[in-house]
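Shared chain: subunit A. Partners: subunit B in the first complex, subunit C in the second.
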Partner chain A sequence: MTSDAPAESPTRRRRWWPWLVGGAAVGIAAGWLVVSLARPHIYAGTVLAASSQAPPMTGLVYEDGAPVDLEALHGDVVLVYFGYTHCPDLCPAMLSTIARAVDAIGSGRERVTTMMVTVDPQRDTPELLGAYVAHFDDSFRGVWGTMEQVRSIATQYGVYFENGETDDAGDYLVGHTATLMLIDPDGTLRIVYPVELGSGDLTDDLVELTG
Partner chain B sequence: MKAVTGLAWLALVVVSCGDGDAIEVADAWGRPNPAVADAAALYVTLVNHGDADDALVGAFSDRCADAQLHETVMDGDVATMRHVMSIALPAGDTVAMVPGGLHVMCTGVTSPLEPGETISVTLDFAATADVEVAVAVEDR
Partner chain C sequence: MLVGLAGIVVAAAVGFAVFEPVQVLPRVRVAPGFGVVDQSGAAYTSEDGRGNVTVYAFAPTTCGDQCAAFHDTMRSVRRRVVAEVDLGGAGFRMITVALDTAEPAALAAAAAASGADGEVWRWVGADQQVLGDVVGSGFRVFFDASDPAAVAFDPVFVIVDGAGVVRGEYRYASLVAEADRLTRHISLLGDELRHSTGAASFLYEAAHVFMCYP
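Now for the complex of A and B:
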């Protein structure tokens, strides 16, 4: 017994500090967790006060002709943008922003559905919309309906659109509400994002809702 | 002697950058367009270093059947676009084209603008001579 004592005691004396450091680290981590859980996530868009179930997209179809069934997407976050394929400035900018945000959330991206509903059903076709949105991300869906169907659903989403003047070549631009809307996993139309939305801010919100 | 020669060269460079380069074009980029899309937006920042007012009145590229100066105008959340005939460039001013604002709308894109490539665009000014710009195609 006595012969073991000198070998043990220096070891015992050296061992107190890893416990102190470890304990401090656990304490800091626990403190950080408490603080971050206590602080509610601030969303980058306008959270709708009177939020209700997102209006169904009755009659609208995806690029492959399948009907858009929002109820089937419960459990996922759905991003809805009203745009058109002849739109050169804002629509590509927003779709690029969403693509970057979705890329950044890793595996959670499987729980995010992004769709662009056309506000130009005369020139856009389901196939054209599908090819257009796929340029930004393979998972994006193009959504089409007749002018009457799109008009009715857009109005329910608070989206306005109107064709501009037709030029000599028969081309026209479409003025449209350019915000991005988010339907949460419960199917509630919950957040409206401004045109200048940054991809990092959207990523944070998607992580919050899919995490 | 070397220093004098160096100064002479410097002076020559400074002189050659004179009024011929009154308009500086910076940060020229364009967004890659989906193959099915007819239009692509290009953006440049223009700086008028000269003493005289100028204006951008047009743009041309062999990659666009037509290129027009456009501006996205927001009315609340509603975006509309308007064709602008010229973009004023007062002496000493900087005009930056950005998504959601002024841009060159390239329509009838002959072949899709691919990330990493550079396209040549000629900018037509009211006062100074045309400026040929290398526009970088990139995702932003």
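Now for the complex of A and C:
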């Protein structure tokens, strides 16, 4: 059986290779273009869908007695951490991380508010909270409320806490969720950071949001 | 040349958004933090769920036929997820929150009647004030237990990932067949968990950006 179709020459068969190489080069160039020009920012924490406003902190007060009004902070980035002044390790570590990150963003720090809400309102007073957080950064705010108020609001932020056993000296630890929450300038609870958060990663995120 | 490259980039982005080569469950919001008591009388907290994919359901301990279909779905999801889904090392738990009692004996009776084994699937309860914060405000599930003998509630399932983020909410009267959807969505979560590191993780982050949701 014969065929009238002309046999494909080796030269013709090789002709598509330049197109393949050229296409691959264009694809790589396009990828490079996206990365170098658009530079999509990958946040260090879990980014939530922009579906709802951050739960209000009704009834809670700052260290100076002024009520916490999250709506008044729209336009700023707000970092919310639940901790306590007797906290031996996690709280100082997280507050230090935040302090380094905020310090590194330069002028943008004016648009960042950091607050630590106490999970130990029995021992922490507003004044004690204010002095404690100021030890890490002058701009940090201490937030206080009754146990019932803090418990209810912590629940909405995904935070659970409970007192440990009291020792002979009357001291106790408070077990608590140690994640850091970020409220974006639109007032949306946007990012949840793990306890292992690095200050450099947080700096990058804050620059992105305040830039 | 630049116009051509920009066209390729736009076409790739549109193609990703339209054809959705990867699907993910949305990161809806943070799940509430809580502490409750389980069917054995032990404390159970939201922190116990860290690292586990958890399906939450909400029901009174007794509600007849309405709950029978609801529990059928839970049993089916448990069986299928355990047998069919690879969660990439994450654990799997199911929690039914009792809307009418925090008594361990009542929780244990409800668990026995529904088939909750106390390991993968357990019943938990709390007082009404805590339930109001956790179930009503936190999970945004309607219930009215002012008459404990006739608790009004919306049958709802919620999927929460190991980081404590709500990934799926299913607000409808539940039938066994709906276990298919829950199982498929938990499987999607498993896919994402298995690819949470390395180059593939960027693909899944892109799927979140382009809202490639099922």
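Operating definition for what follows: the second predicted complex is superposed on the first by the 170 of 211 C-alpha atoms of A that agree within 3 Å, B and C clash if a C-alpha of one lies under 4 Å from a C-alpha of the other, contacts with A are read in each partner's own complex, and residues count from 1 in each chain.
By definition in this document, a residue touches a chain if its C-beta (ideal position, glycine included) is under 8 Å from a C-beta of that chain, and two chains touch if they have at least 3 such contacts.
It should be emphasised that the depicted structure is a prediction, and the values quoted were computed from it without experimental measurement.
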item	value
Touched partner set for A:49, first subunit B, second subunit C, both or neither	second
First (subunit B), second (subunit C), both or neither touched by A:26	second
Contacts of A:89 with subunit B and subunit C, given as first, second, both or neither	first
Partner chain(s) touched by A:40 [first = subunit B, second = subunit C, both, neither]	second
Partner chain in contact with A:157 - subunit B first, subunit C second, else both or neither	second
Which of subunit B and subunit C A:77 touches, first, second, both or neither	neither
Partner chain(s) touched by A:196 [first = subunit B, second = subunit C, both, neither]	first
First, second, both or neither for A:177, with subunit B first and subunit C second	both
Overlap of the subunit B and subunit C footprints on subunit A, listed as residue numbers	160, 175, 177, 179, 194
Touching residues on subunit C, where the partner in the complex is subunit A	4-6, 8-9, 12, 26-35, 45-47, 133-134, 137-138, 163-165, 202, 205, 208-209
Subunit A residues touching subunit B - in the complex, by the definition given at the top	85-90, 92-93, 96, 128, 131-132, 134-136, 160, 164, 171, 173, 175-179, 194-196
Complex interface listing, subunit B residues touching subunit A	31-41, 70, 72, 74, 77-81, 99-100, 103, 105-107, 139-140
Contact set on subunit A toward subunit C in their complex	26-27, 29-30, 33-34, 40, 42, 46-49, 51-52, 151-152, 154-162, 175, 177, 179, 181, 189, 192, 194
